[in-house]
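Structures given as structure tokens follow.
Both complexes shown next keep chain A, but they swap its partner, so chain B is in the first and chain C is in the second.
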Partner chain A sequence: MSASEVTAARPGLPLAGLGRRAGWWVVRYGPAALVLAAFVLLWNWYAGVAPGEGRLLPTPAQVVTALGDDWNIIQPALLVTLGSAGRGLAYGAAVAAAFAVLAVAVPPLRRPIARQLTIVFCLPLAAIAPLLFLVLELPGPHVALAAISVVFPIYISLAQGLTARHEEWEDLRAVTGGGRGRYFCSVQIPASTRELLVAARIALPTAVLGTTLAEYFGGARGIGVLMINSLAQLNAPRAYALGIVITLVCALSFALVELVARALPWTEELTR
Partner chain B sequence: MSQATTTGAAGTTTTGRVRRSRAGATGTARSQSDRPLRLLATELLAGIGPLLVLMLLWQVVYLTLPENQFLRGPLEAVEFAVSGENVGELAAALLSTFTMLLAGYLIAVLVALTLASVVTASAAMARAIMPLAVVLGVVPVIVITPVVIMLVGRGPATSITVCVMITFFSCFISIVSGMRSAARGIDDLAAVLGGSGWRRLVSVRLPSSVPGLISASKLALPASLSGVILTEYIATGEGIGTFINLARANYRYVDMWGGIFVVVLLSVLAYSLLGFLEVWLGDRYVVRRSSR
Partner chain C sequence: MDHSLDIAVADVCKTFATAAGPVEALTDVSFTVPAGGFVSLVGPSGSGKSTLLRSLASLETPTSGTISLGGSTPRQRVRAHELGMAFQDSALLPWRSVQRNIAFAREMAGLPKDKEYVDELIELVGLRGFEKSRPAQLSGGMRQRVSIARALVTRPKLLLLDEPFGALDEMLREKLNLELQRIWMHEGITTVMVTHSVAEAVLLSDAIVVMSARPGRVVEIVDVPFARPRDAELLGSDEFFRLCARVSDVLRSAEASAAPGGGGADVGV
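This part shows the complex of A and B:
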């Protein structure tokens, strides 16, 4: 879509050679840069006139300063959160993979499994978080919420990838007489790389979100705990800095999946 | 694919069959838009069935862990939800929560529709707004909820704002892609035939954005509900989030389990309802393409 817009815009520019290239950059990214600059300026202006003297809305400069000053507090908390999220992601992915393999092995079970996991997806996480704190020991709720939040998206992607039909390969298997397990490992798993990457792209940020949400309901260390404390102390610059850190972590996970996708050329469609 | 399109274009008598075969591919029910009530029943059953399985598992866990003092069984929870002593309080809390959710959804959809109309009408606006929308879409709203509370305060506006922020992005992206994908050929045709910009928006682009909008609202539902409950818990002190946490703090575990059960039940019902609308309206508004 954007590629066609770009090629359409190119010949219309009254610039040549290097100038044309620069003009293309201006046309392509100029409006976005303007809007972004306007956004930051508006924020800066409003932070000056807003009530609360910077305790509710800090200026962008204050946020960057807080990010630098509080990094020695934020970094360990981030590691704790990422650790819980990683464990949750591993458990959730294992459960999802087990269900996906079951769906491949027993086709009639596909729809019931999908329906059952949809219910897990429907659970409002903030409503069941208090329960987990009653039932599990402390890092437990943080891990469990991350696991619960990733099971559904991972299962859906994996099942879609693994149960796709590959008629040529099925014919080949019928002719050469390959076993079911061999077919699964040599055809179905490699063919679902794309879906696996889609799953990773959704699940990585989701797991971090699940853990942080659980940390709001209790815990000793972690980004969510820091966030709640900053809210209680009205430490706005730190709260905003934490928000930016988590956003960057999510953006970084998107970029990471994107890089892996580019390294595997047959998953090209993902990067479209 | 091409055969289905030809029969679909040939006349109204065969569209039923085409719809049915398409619905068979998505795998929900035999007959679709012709029998909305039956479809609704199927979708609701598809939601309630797995919920019963979940309750069965819950009962099993309850029976196998008799010494756990926090656990309450599903039967006790259901009994509380039907005739407990605090059931009026529960109903008020649920009403408050779902009012916030509905208000947030309405605002998010209206803003998303307006912005998407602007973005699909002008390439320059698209280049200005889309990158910012994508950047803001990466921001995890649930995580920055405390920041929203600082900005907006501790009133109902906070719950609504968080719900809008969670719902808006996915709705916006779906509406834009819906408006762009289906409309290309028909939109050009309408332009050639002299349709005004406004007319093309109302008759071509808006209808083609409906299925994507419903799917996006459906998928954003659990997160939005979660966001509203979170703000109730840490800021506003109203609604089902506060009900559950007060029950926990006061050791009224039956109330807590009952509240959680009802909110999960309502979440599943709302999700099934949107699933029904997705299939039903999707059948009516989808634009069949001649080739892929």
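This part shows the complex of A and C:
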């Protein structure tokens, strides 16, 4: 008896199908929804008993209200922050790509480059930020901090992808008498798409957080500036609303990379 | 066939340096292949047949001895883009379609695009209708066909096949063997194939170079006299079985003489 005969014998098939579908949704998203609900309830309870009468910790409802009421202030700030983060990401990616190509072209430089970049990456961004304000005009520091924070993760992923050995493809290159430059462009670069996606997953949120942090230290506009001001004015609901906005932006960037990855299904076949 | 290369391998030795000391992969290997001929290399693992094939492709350099491909070295032939090679694991680029995977070898070699020839090869290997498919959407057998078409697309003068059907089941292998014979007769290219399958070697070859392991050396060169085109009927004939049995006997005796221990005490059981 085939599978279709089994299901056909069951009465109320459409509903059963719907039930199975709903079951799938519960299994897939249920745990996450439960955790989120528990978190919001706990937050709501603690905001009620915490000291400060809501000035330090607003309730979730207050935060959502602030998000709606202040959207006309938050939205332009968000655009400024995203603009700086985007420019920083572009500069950082360019620098990382240049280092990665250098590491490919001159293998003895691989270790020193990785070491130097690790040291730069390990410097606390908060320590660099004030220095940047001394040497750069606004919004230069916001852009620079985003760039600095993404160079290392992008470089590590790119260098790994671009120096990976694909022995059979290299044999193929050798047998066809092909040049290394052509091989690099036609094989090595597309073959590092997986690593490129990993780099994007890390770098996109990191750039936004880097810019926000730089805006903490000074600036005319931006989410970080607005956050500092809100805290100074004891406007906790707005400060928390800004935190939620930044979190959502980072989650969105993750989803965006996921969408790109799905459009390139063959990246899954590059595991070897 | 006049544009194909004849092969002369003379006294080729290859020693690999390993952590456990030098390993002799090939010892005094000599054989010749006439232009347009089809020769198979068979032998147990460790007999150096892959090393030999890779030496023909200039992917390995012999420690001593010479390899002449139509009077030139393998390296010179590679520089002139005159070799085509198909690998055991088809080694296709997963992001490219069938069409673009085949064209890839021309692209690598820096040869001008030849869309018509790519289409002709797709027809020849029986992949019409799959031009736009990606490797992941193809079966193992289809991937090997793409790999063979890619090896042919540069119009090579020597075709090297490294166990091209090694990962396929018996029935499919037989089918592709007959197709390979058809392609080879159509193109008239000198072909050297490494294989584990005695039946495959007997079906396709003009001559079979039987090798033994540790060290890798040529034990015997068996001529295959059957007329072409050889078909499924031949596969069931007594003469075909007899020749397969003979090649297997040579292989067995080669393996026995190279048995681990080396003292020869277990020979003749």
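Quick note on the criterion: the second predicted complex is superposed on the first by the 233 of 272 C-alpha atoms of A that agree within 3 Å, B and C clash if a C-alpha of one lies under 4 Å from a C-alpha of the other, contacts with A are read in each partner's own complex, and residues count from 1 in each chain.
The rule is simple: a residue touches a chain if its C-beta (ideal position, glycine included) is under 8 Å from a C-beta of that chain, and two chains touch if they have at least 3 such contacts.
From a predicted model like this one, the values you see are computed outputs, not experimental measurements.
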Item to complete: Consider chain A as the common anchor and indicate whether chain B and chain C clash or fit when overlaid.
Response: fit
Practice prompt. Look at A:Tyr216 in the shared chain and tell me whether it touches chain B only, chain C only, both, or neither; answer first, second, both or neither.
Written response: first
Worksheet item: Of chain B and chain C, which one contacts the greater number of residues in chain A?
Response: B
Fill in: chain B versus chain C as contact partner of A:Val175, first or second or both or neither
second
Practice prompt. Please indicate which partner A:Arg28 is in contact with in the superposed arrangement: first for chain B, second for chain C, both, or neither.
Written response: first
Discussion item. Tell me the contact category for A:Val187 with respect to chain B and chain C: first, second, both or neither.
Written reply: second
Practice prompt. May I ask you to decide whether A:Val49 touches chain B, chain C, both, or neither, giving the answer as first, second, both or neither?
Written response: neither
Discussion item. Just checking: does A:Leu123 make contact with chain B only, chain C only, both, or neither of them? Give me first, second, both or neither.
Written reply: first
Item to complete: Give, as a whole number of angstrom, the minimum Cα separation of chain B and chain C in the superposed three-chain arrangement.
Response: 11
Response to the item:
Dual-contact residues of chain A (chain B, chain C) none
Response to the item:
Within their complex, chain B touches chain A through residues 27, 46-47, 49-51, 53-54, 68, 70-71, 123-132, 135, 138-140, 142-147, 149-151, 180, 221-222, 225-227, 229-230, 233-234, 240-241, 244-245, 248, 256, 259-260, 263-264, 267-268, 271
Worksheet entry | Contacting residues of chain A [partner chain B, same complex] | 1, 5, 9, 27-32, 34-36, 39, 56-57, 111-112, 115-116, 118-119, 121-128, 130-131, 134-135, 205, 208-209, 212-213, 216-217, 223-224, 227-228, 230-231, 234, 236, 239-240, 243, 246-247, 250-251, 254
Worksheet entry | Footprint of chain C on chain A - complex, ascending | 168-169, 171-179, 182-183, 186-187, 190-191, 193, 264-266, 269-270
Fill in: In the complex with chain A, residue positions of chain C that touch it
54, 57-59, 78-81, 83-85, 87, 89, 91, 93-95, 104-105, 107-110, 134-136, 154, 160
